[in-house]
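Both of the next two complexes hold subunit A, though its partner changes from subunit B to subunit C.
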Partner chain A sequence: MKMNRHVLKENLTGYLFIAPQLLLFLIFLVYPIIEGIRLSLYRINYTNQVFVGFENYQQLFQDPVFIKSTLNTVLFVVFIVALTVIFALFVSAAVFDKNAKYVSFIRGSYYIPVMVSMVVMSMVWSFLLNPANGLIPYVAKQMELSSVNFLGNPKTVLPVIIFITFATNVGQAIILYIASMIGVPKDLFEAAEVDGANKLTIIFKILIPMVKPTTVYIIIMNIIAVLKIFVVIQLLTGGGPNNASTTLMYFLYNNAFKYNQLGVASAVGVIMFLITLVLSFPQLRSMFKKN
Partner chain B sequence: MLKKRFLATALSSVLALSALAGCANKDTGTPEKGKDGKQKVELSLMLTPQWKGVMDPTEKGADYDSFFKYAADKFSKQYKDYDVKVKVEVVASEQRDELLNVKLNGGTPPDIFFENTFAMGDYAHRGALVPLNDIVDDKAKEDIAQNYWDTVTFGKDVYFYPFSHMPGTLAYNADMFKAAGLDKYIGGENDIKTWTLDEYETILNTLKKKLPKDAYPMGIFALNNQGDTWNLAYLRMFGNKFFDEKGNIVLNDANGVKAAEWLKKTYKAGLTNPGAESVSSNDVLSMFQNQKVAISFTNSVLFNNAKADMEAGKAPKFDIRLANIPSESGDPLTFTYVSGAAIFNTKDETRIKVSKDFVKFFSTDPELVKASKNGIPVRTSVVKEFESTNPLFAAYDKNAKYMFNFTGGVPGYSQLRQVLYPELQALYTGQKSAADAVKDYQEKGNKVIQDARANSVIKE
Partner chain C sequence: MLNNQNKKKREPVDVIANVIIIFFAILNLFPLYWLFTSSLKNSSDVLKMPPDWFPKTLTFSNYVDVFQNQPALRWTFNSIYVSLVTTIAVIIVSSLAAYAFSKLKFKGKNVIYIIFISSLMVPKEVMIVPLFRIIQNLGMVNTLNGMIWPNVATAFGVFLLKGFFDTIPDSLREAARIDGAGEFYTFYKIILPIVKPGIGALFILNFVQVWNDYLWQLVVGQEENTKTLMVGIASLMQDLNPNFAYKMAGATVAAVPMLLIFIFFQKYFTKGLSIGAEKG
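Right after this comes the complex of A and B.
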């Protein structure tokens, strides 16, 4: 006890220095999470809150729109993350060892969509794809081609959203991969060339394994970002047609702000939190391993 | 060493305490004094786009907030009790519920909201609005017909002060009709033309043949809940009553299914714009104004705004006229939105009192109530004053007997609106048959009503 008090006194200055950050962390991150978990167990009206246990969760698992949202979110995560990693690896591996100006040009070209707000991108795509007054259906009609409503067809709406999100995000991954690949020691490539390895072997046996930490980082960051996919859904499809493109985040938003079902929305938030936690676990483990 | 350590501890303590500084309560002290030593009160008033200008959309710099800014200024000048400032904010209709729910859950609702009352009834059921019985006097009750008071009364209390109303109809491009040889179906400039369903189908089919290939006979939409009242009207075209006496949806009968089938058939035949499932009511309005759609939905304010835009050169000019939504029986279908102000329970007695005084002021002031002519005035006195200069008032009056109450007065109407458009999307995309879409809508809709009724603070 005496020893503990001594240790505390010894480290007091240190604790006080981290106190502001810790305090803000507790107020703005830990408290909302706890409050979210609490709210998920209540039915909330403007005038009162009633404890309902796990009723909100039960209601969610019986709701076909929630199930559809979960499946769509999983689909988005799998396809967008896979596309991003494969395409970014392909582009980066093809250009990283070229002329510096060329690399900068490629990097810049792919990064421009990342800088443009998702809201603007969604509006541009809406202008292009709107079946009644969009540019693509208009041109198709003028050319006497049969027009497809990409956003109104349950079979095409998901691929369109996947493509738009992928096209907007891939620049970030390309930047990270190129930076990582430039950092791979040159002598490894030279040794491989001396041994007669072709470009493909170099990519698969040297480059990809050497940039593994970047790949892990890109995968985790993209999984977390895609789990929260919202703007493109809200502005482009409104979750439609008939909830075909609704996602967990959009479902949460609708319940919280349109239907005023704060309890149900909090329950969705808790489920999303758990999914993110599980998916982030490999990264956390690799971080602890290093230490 | 000790001194250095003391300094470090002191510095870190200051740092830690400074993080808490922002959490301190604002020092409210004594109330701020304004002009003439009166206490300052700042109200926030929100509205969705209604009419432009103070009295008329043709005024210079006319905008959606012009009227309320003018009314606030006039009120402030003559108000004796407090020095009042009113912050007027226009919010998009489709953002209304999101915004209000965030503000209500954060404990910062606006003081006053001016909107079509059908969209705000749920807030009364949720206990977020204060009753306005004490600002409604006998004079107002005499001047405003009972049916408008019925629309704004929930349980025993009045929650909205009726200002104007906006009957919903169709609008058509008479120039397109003439070009298609449909002259005999064109009504008078100040008439609301009534077509039979057969005539309507003839019009649509003729337009399809005669219009340029990038224009469509009729505008339909199902992207979201905006403009869904017209979709509700189309679902009554074959005589379905929609709600029973107990306030439950009864769309799932032969007539309801027939109406859904008619919508699908009309859409599939190319008599409407394509992609209804991804098209919003705003898209259809733009298409109509740009002469890409011959028949669109409208209400009295949208109609006036469209005309004003044409006059101001903001939109292509054409001969725009009104028609009723047809039905199989031959009797037209029409409805109205009563617009008015509601006051939120901010739990601040002073602000609620001043809000009530302001709402009463602009809803009764003889000069200000004239602005209701931009829609259709709810006050008989204003109708009489303007009926000679606005002959459409008489046409709307003649139409009033065909009006139906599209909300059915049921609780949970806002959420009910979120259930309809996914079913219409499923219908248009072929995911569901008309019978299934109607059946599922009734099932989901009645569940919404049942839950909302259980949670309502208003016991009817």
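Right after this comes the complex of A and C.
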């Protein structure tokens, strides 16, 4: 009996400690997910809601702007994540074994743009790319390039967005890779050097395989971050020209807060939620293994 | 800078690679250089082509403009308030939960923890419609509270702090218990002071994240007096005023606090960010 009371008390203490977190979690995370799924099955006009089943989803898959948003988002994810991983690996592998001051200089230079909000970075880039008086069109004119309106041209707008997003976010991957590479035991490199391996062989045969968990983490985190790409689209292109640069998150935002299509917007949200769930599965599995 | 301490011979590939890396590092900082210098130019110099690579005359009039003709002071206050209150609330709520997950035994602990951590992978933006309706029902639209509370419901703090609590031996807690200390006393007076570095890292990372947040603040704060700095300076973009220098001054006001935080607390970023990757 006394033992039982003790266990009960210990349970109660545990629940009390997690109660505030759990409450917020239920209100602002669990409930919105359930409510989002429910709303996606309704047509909503201000206060009245009509159950329409999967009509919102059917409507989405027939909407060319949604299709374009999805394709663009996939394109952004693939190119930005690939560029980020390759460039961050290149920088980190070349830098991590240098002296600490140099490492922190490189790390800082690449990380500072990450620290600054995407809103600020978008404003600077918008100024830099402004066709009338921006620096980049000016330089392009000096080099006698034909097109200087990089954001107004459907052919150049996607590469420009990809580059800006990559350049302002790669610092995070560099920090993670450098930390991970510094942690690789030195004797592995020394043994390889004794065997006559050059630096490139060491990087490809030892370093890259050793930091694989970091690579997986960076890939998943970046996919999820790029999936919700919004700020740079809203502030630089407004999804244009002619929907050429629209994305899922931008499409969701417009449906929800401009066109008042809450049911459709919720359906987009549910689709994005399912995508993140599937993509994050490997990361979650490895986290639970460690626990 | 590149001297090799071990006197190994430096391979040419290595040298070339590092030259490229330094070049791109400088190029990567150029937009920020352009931001700062443009904000200090007058309205005609900023549009001059060919441009002045170094500003010829420095003027602070753009900053005066932003703070006098726009409610930038209000925006700044709102941003500081939202970031600070969110972060303090996150620290209180997460440290309690992380302590429980690390040190206490209760039924369903592992399952609840797994569900908590899974939520790390879901960007809350995808549920922005139902989230906005909740805020509406709570009467929190156009309030700073509406920006704060949904952001307190993050599992990141629990995840980060649990790692710190796990390093503390259980014997410490047991000793305090034997001395008759209550659980909360043990947590607050004995264990919490030991994880101060973790709290510090969480404070910095969370503050920066909320400060730089935009979408949620845009949706919740639609009125002039609830706009945050990010929403405010973004609205300068739509401003018909063709003076770019003045828009750049607004953007600089939003950027500088984060740069200062980075300069002073660099080690927290390296540590705090790496925790997720190490556990993964």
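A few points about this structure:
Here, the second predicted complex is superposed on the first by the 263 of 291 C-alpha atoms of A that agree within 3 Å, B and C clash if a C-alpha of one lies under 4 Å from a C-alpha of the other, contacts with A are read in each partner's own complex, and residues count from 1 in each chain.
Keep in mind that, in the parts below, a contact is a pair of C-beta atoms (placed from the backbone, for glycine too) under 8 Å apart; a residue touches a chain by one contact, two chains touch by 3 or more.
Values in this document were obtained by computation on a predicted structure and should not be read as measured data.
Between subunit B and subunit C, C contacts the larger number of subunit A residues. In the superposed pair of complexes, A:N133 makes contact with subunit B and with subunit C alike.
When the two complexes are overlaid on their common chain A, residue A:P32 makes contact with subunit C while staying clear of subunit B. After overlaying the two complexes on the shared chain, residue contacts for A:L262 are found with subunit B and with subunit C alike. When the two structures are aligned on the shared chain, A:N242 is found in touch with subunit B, with no touch to subunit C. Look at A:P20: by the touch rule set out above, it reaches both subunit B and subunit C.
Contact with subunit C, but none with subunit B, is seen for A:V116 once the two complexes are overlaid on the shared chain.
Subunit A residues 12-13, 17, 20, 24, 130, 133, 138, 256-257, 262 lie at the interface with subunit B in one structure and with subunit C in the other. Of all residues in subunit A, only 12-13, 16-17, 19-20, 23-24, 43, 45-47, 129-133, 137-138, 141-142, 147, 149, 151-154, 237-243, 254, 256-260, 262 touch subunit B in the complex they form.
Residues 5, 8-9, 12-13, 15-16, 18-20, 97-98, 101-102, 104-105, 126-128, 213-214, 216, 223-224, 273-279, 283-284, 286-287, 292, 414-415, 418, 421-423, 425-426, 428-429, 431-432, 455, 457 of subunit B are the ones touching subunit A in the complex. Against subunit A, in their complex, subunit C makes its touches with residues 1-3, 5, 8, 11, 13-14, 17-18, 21-22, 24-26, 28-29, 31-32, 34-35, 38, 47, 49-51, 92-94, 96-97, 99-101, 104-107, 109-110, 112-114, 116-119, 121-134, 149-150, 152-153, 155, 158, 183, 187, 208, 211-212, 214-215, 219, 230, 233-234, 236-237, 244, 247-248, 250-252, 254-255, 258-259, 261-262, 266, 269-270, 273-274, 276-280.
Contact residues of subunit A toward subunit C in the complex are 10-15, 17-18, 20-22, 24-25, 27-29, 31-33, 35-36, 39, 90-91, 94-95, 98-99, 101-102, 104-113, 115-121, 123-128, 130, 133, 135, 138, 167, 171-172, 175-176, 179-180, 193, 198-200, 213-214, 216-218, 220-221, 224-225, 227-228, 230-231, 235, 249, 252-253, 256-257, 262, 265-266, 269-270, 272-273, 276-277, 279-280, 283-284, 286-288, 290-291.
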